[in-house]
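Here come two complexes built around chain A, the first alongside chain B, the second alongside chain C.
On to the complex of A and B.
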């Protein structure tokens, strides 16, 4: 079993798995197999084991937060299932302990949250002592597997779910600007093209040039597409009705990591008061803050794409930096379109609270 | 196994074959001495992970599942290191077998013969050396190789080469193709078969390559490329070791094996190249490439094989702005006002004290840098202790070295493990210091017996290395040391491969070497190389004596040409050769030729007669002025003017000669106008008599120009 975890760790380290969704699916598969075979007497044991695996997976590729998200999501489901099972004989308060409604009703979210956390912990310890010797925890496996299957289904259909509302966001004869290569954005635009006629301007996204393949895909789907150099983004912005971006990760305060160049697009859009729309699956919501990456990038890549081998003598004299992601502050984003509806960046924290358990933020 | 696996795994499973690799973990030379006295080169750390780890990672990245490590010296150490490393843990899914070859084997060829006798190779395998840092997708090369083998059983080997070419040819050798071990490849562009290979040493500088004629007969199209960086990754088929066995004189893989196969009429085997256009691959062959590769890793050229991502070592590093790497566990202690520059890596539990400065260097684990010390472009291994106010510039410092206060290490020094230096001394450039005395007999680094504790240093050493020193200063790197080694290991060549060597410096003292090394000074490279070529040939070119000699030679040559009626072309070639040989500017040659012409013209009475005489000489020989190079009519006019002005008897000839030159197309109307309009034609800087003559000549020119203006071509009339 461990070999599979290691296998995934190696693949993550070596960047043999790239792309948020693929990484998420791989992580989920490994976790599912682990849980199938895992032996545990109490639910805490399982949670600790999964946390341990999660920590190793996250360490393998710290710039891909999706790995951690999936682990947290699985843990959240395990806790939920356990709680429902434990509370079958009554006390419905605790099962909904983490929903926002309670915070709003109580009016003291922070106080309440800590209170409930301790309550929940009390509850867990109490129940552990209750069930210390029976095998109740392992009998939860089928429900946990079911929950994992739900996450799986969600990942499988994430593009379609995000694209559901496409026609509500894109209107006829609009000019849309996008950058980079994002499957989510691509399917969103293609879905809108079924009912609307609009024009898409794709920035080429140097030095990875992901924009080129996006433009190709959109044009072959019959959408009127322009491919422009990154340098003309600002000049074109006055004509653009809407900017649609993909995200690498959505952070807790509503900011996102997106392919480098996105920050420039968003800043130009802000200058022209053009709305910025971010399309993302919920699995990219990350309960982390951008504290370490002062200049915005989470991943500095090979400088080869910026300054080629043939410029050899220059390499000694200049420092070449090729950041892969930009960090965009929440202020630059107008709306996040997820597979679970549309949200302003300011309510991301709430989605995160609902999706993950507070106790799992640190793996 | 996860159901969705990357394409690489699938292809391997499809073929249902374990990909094998052979690592030659011995360097078979001593370029890293004294660092390699008590540890093998492949266990030297680069960016705090051993070279062997980097090599393993590069191979695993390519899907290799079984690795044979061929060791010779320090084989026990290597075995132990492999056992302890993460590669031999079950999760690495890797089978590593160390193979110890006999001490007598002293070349890669011997090692391969040994592999043959072991009989371990069962399929096509990847052959690399134990000092490779690579993120090249070798698996593609393997696939291409295997496909080719299906149709052509004679394709026994595929060499992986990295294309580093580009429009700018000056730069490409500088960094990525290390001087001293380059090669020239002749490829068939269609099949990418390697038709010819020629190794190029840095010294003696090669200007010619010999390509067998048959190649050009058999292949309608060939590519001759010197822009390929040899990654030293070879995909070999099973029979390669047996070929080594059959040809016991093959030593080096490239220089003997590849050339041997390609030139042999009997073997009838083919070797192919696989040209990759992205990825990084380089061998740590010498101290110079050690430094270059360290820098490349730190500036992330090897991504994702960098600290903080897919780092082969054990420590988990964090990448910070400006390519600074610190351990993620934050176990380093950096004083508040120490300076950590860009492109630096600091190992675990290291301490940098107040005021210390570190610039593009790496520190190993548990290194202490004292207050106000400066470390620049240096590589310091684990456990070193550096005192206060030390300066270390472009050095490699071995494990556990102690450097006392105020010691200065000049560039290129290499300090072996356990040495103690200082205080208050300055170690000269390119020093090599070890705890073992220099031993000339010992031609290699395989001395496990040497673990006996060395004698304490004697008094003269202490004067150089400091009062508290412990160690021997080795004699300077010299020609004698490498006596008997082959062309590629000799002194002239190896000295290019040392850390801190600036090849342009060496060139000044070494006229035999090429001008292309000047390219390292990127800015004015082209000018420099153009100039340096002639100067290196005749450094005294401007000297009076040699000029005089040139003049007489030149005149004699022209005399011969006139007397024996050489063709213009032959005469031009002769003059050109003369010019090259004595390194005089083109103008000098022209002056000689023009004055010679004018001298040759017999002075006769009567304008028409005179013209005839002039035409006789100029009509026959005028073209020579153009052929000797630089068809600069303006200059010709000016030279003619100057000559006629300086010799009064030729004054009258100016007009006719000019006209003749015009009619034989040596100068045209525009040239004359240009000359006429130039201020030099007034001859103001000349003595009074000459100036007057200059003016007279110019007057003749004015008349000519007027005639042009009137559309009357007087030279036509004169015919």
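On to the complex of A and C.
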């Protein structure tokens, strides 16, 4: 069973899993397997074990933040289920849920809201000490399994949920610009195409040329599509009504990692006051900050795609840079459309607080 | 060639009269309009079978409608600036037309129509119509296949070809060189425009030649007049292009310091000269070449620079934000300058300017004064050109995307950089801010450039 985890680690290292959602599903499967077979006496043990696995998985592929996000989500659900279970008997419900003192003292308002117990601090310390000698941890497994199944369902239906509001965001005869290959954006546009007639301009996204497959997919869905090279984005921007982008990961400050080229699209959109919409799943929210490199990429790709060996003598004399991702600061984004609704980038911190526990930010 | 002389006598005003054209020589759009009109007329004839005379008049009426509709359809294609004579589209074979891009039908979806004024892609001309000089035929072929690219290169090639045309020209009787040569040249120019829309550099040079022709002395013997014109053309090339470039590179040298990182986009002949000159003068700098489809011209510049020994980095356009922090100055070339200070240049330049402006990195345009254009365009759509698919460099991992019905591929070649993103323009008369570009003609003492 540890071999399952090792398997996943090797797959991640060799980049055999491509795509955030697939990576998320694989990680969740492995975690579920692990929890089914795990033996633990206290919930704390389980949490520590999962954290250890999570740390190894994240180290295997640091450019894929989704792995860590899923681990954190599972941990969060485990803690929640445990708290609800542990506090069912003898719960004296007081609705002093949002007293300012408790907010300041405990620092987790949402944390309080889910609990049906008194908000007194001593109760917190009591429950914390409960974790260490706990006798019904094992019996919590089925509840945890249910919670994991919920996460699964959320992952499975992420495209449909994000596309629900598509026809409200896209109007008839609009011209939309997009870049790169994102399945979320594709399903978003296809869903809108059921009821609206609009045009999409797809930028090629050199050198991965993901835009080509997007254009093909959209055209076969009946949307009138234009495929243009990246060089003409500024030229066409004056006619574009909206820019819709996909994200690789959403960072804690509200910025996103997106495929290389997105930063230029967003800057050009700002110059023309065109709204920038990012379609993403909730599982891409990462409680990490981008402090190292303001514009730089999380991942550098093979330079062969830019200047290959068929160029011969040039190869030794010339440096080639081929970053795969751009970092877009939150000021460039107007709205994030997630499977949980629409949010401005300024409220991403709150979404992260609700989704994960502070203790898990560092795995 | 001596054989051209007598021919030009017999068909002097070929371009001005417009006989009803056969279907082969009409453009696709005109042919379609003709078909629609014929179809519409057929409906009318069906509804009123008594009026048999109408049926007989249909073909001639349709062709006459076509003549009048030719003008509006030409007006809808501003990408072919006409020089007085209407630019006649050359023979488009049905086969060659069907293999490539837009089918601009009347029933197309809204989205496709908004780009329709880019104009139908011109294909390499078939057999030249009328008496086109072989040098012009060759040049047209080179333009259509993008063997010669770049505003300066095209202008010099055109002027050199015109020198051959002028030398081989002989004045027909009952007219003078100063009056007739212009018409003769216009006919040749139409052939070139049919191959590829004219660049502003070519247009300005041709305007200059026409003025010189009109001003040539009527009493001079013909050969002397022709030699004089060829000499004037040589002077134009020397003064406005070659020497101007030399002055520009000396001026730009003052802006390059040791240890600088210079960024350039695509391939400009002027910037190439600037960088090679600075290197030969012993400046230590490194260059980042930014490149992009559809033409991927930066690779040529890259090999030139690195074989000269300059340290280079090569990136594609989307990677620009990741490295622009290390850049000290940006040099680009231009296709033309507009009177509001905007610069019309290779597609992608506007984005480089935007990113440089954001980081407060000086964005310098190197441009000779003869590229000045009087009009003002507000966006990149008003006048632009689409690269034919056969000419644009295919993407490395190219799947077949042409076959989808709802999918169209656009490769605009130019875009417009607004003057706010430009720091300075280096011309042969000095380094000027973009707002001063409109006073260039006055400063040079001319009514037009």
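Keep in mind that, in the parts below, the second predicted complex is superposed on the first by the 314 of 363 C-alpha atoms of A that agree within 3 Å, B and C clash if a C-alpha of one lies under 4 Å from a C-alpha of the other, contacts with A are read in each partner's own complex, and residues count from 1 in each chain.
Here is the rule we go by: contacts are C-beta pairs under 8 Å (C-beta built on N, C-alpha and C of every residue); 3 or more make two chains touch, one makes a residue touch a chain.
Treat the numbers as computed from the prediction; the structure is a model and nothing was measured.
Undergrad: Going by the contact rule set out at the top, does A:22 touch chain B (first), chain C (second), both, or neither?
TA: first
Undergrad: With the two structures laid over each other on chain A, which partner does A:273 touch: chain B (first), chain C (second), both, or neither?
TA: Neither partner.
Undergrad: With the two complexes superposed on chain A, say which partner A:302 touches: chain B (first), chain C (second), both, or neither.
TA: first
Undergrad: I want to verify the contact counts: of chain B and chain C, which reaches more residues of chain A?
TA: C
Undergrad: Examine A:229 and indicate which partner it touches, taking first as chain B and second as chain C; both and neither are also allowed.
TA: A:229 sits against chain C, while chain B stays out of touch.
Undergrad: Touch check for A:2: first (chain B), second (chain C), both, or neither?
TA: Once the two structures are laid over each other on A, A:2 reaches chain B alone.
Undergrad: Considering only the touch criterion stated at the top, classify A:263 as touching first (chain B), second (chain C), both, or neither.
TA: Touch status of A:263: second partner only.
Undergrad: Where on chain A do chain B and chain C both make contact?
TA: Shared contact residues on chain A: 294-295, 308, 311, 314, 317, 319-320, 322.
Undergrad: What residues on chain B touch chain A, complex-wise?
TA: Contact set of chain B toward chain A: 1-4, 6, 8, 60-61, 90-93, 162-168, 170-176, 278, 280, 295, 299-304, 309-310, 316, 319, 321-323, 342-343, 519-520, 522, 525.
Undergrad: In their complex, what parts of chain A are in touch with chain C?
TA: Touching chain C from chain A are residues 173, 175, 197-199, 204-207, 209, 212-213, 215-216, 218-220, 222-236, 238-239, 260-261, 263-264, 267-268, 271, 294-297, 305-308, 311, 314, 317-323, 326.
Undergrad: Contact residues on chain C for chain A in the complex?
TA: Chain C residues touching chain A: 109-112, 114-115, 292-294, 299, 302-303, 306, 312-325, 346-348, 350-351, 354-355, 358, 379-381, 384, 392, 395-399, 401, 404-412, 414-416.
Undergrad: Under the touch definition given earlier, write down the residues of chain A that touch chain B in their complex.
TA: Chain A residues touching chain B: 2-4, 6-8, 10-11, 13-17, 22, 25-26, 29-30, 59, 294-295, 300-304, 308-317, 319-320, 322.
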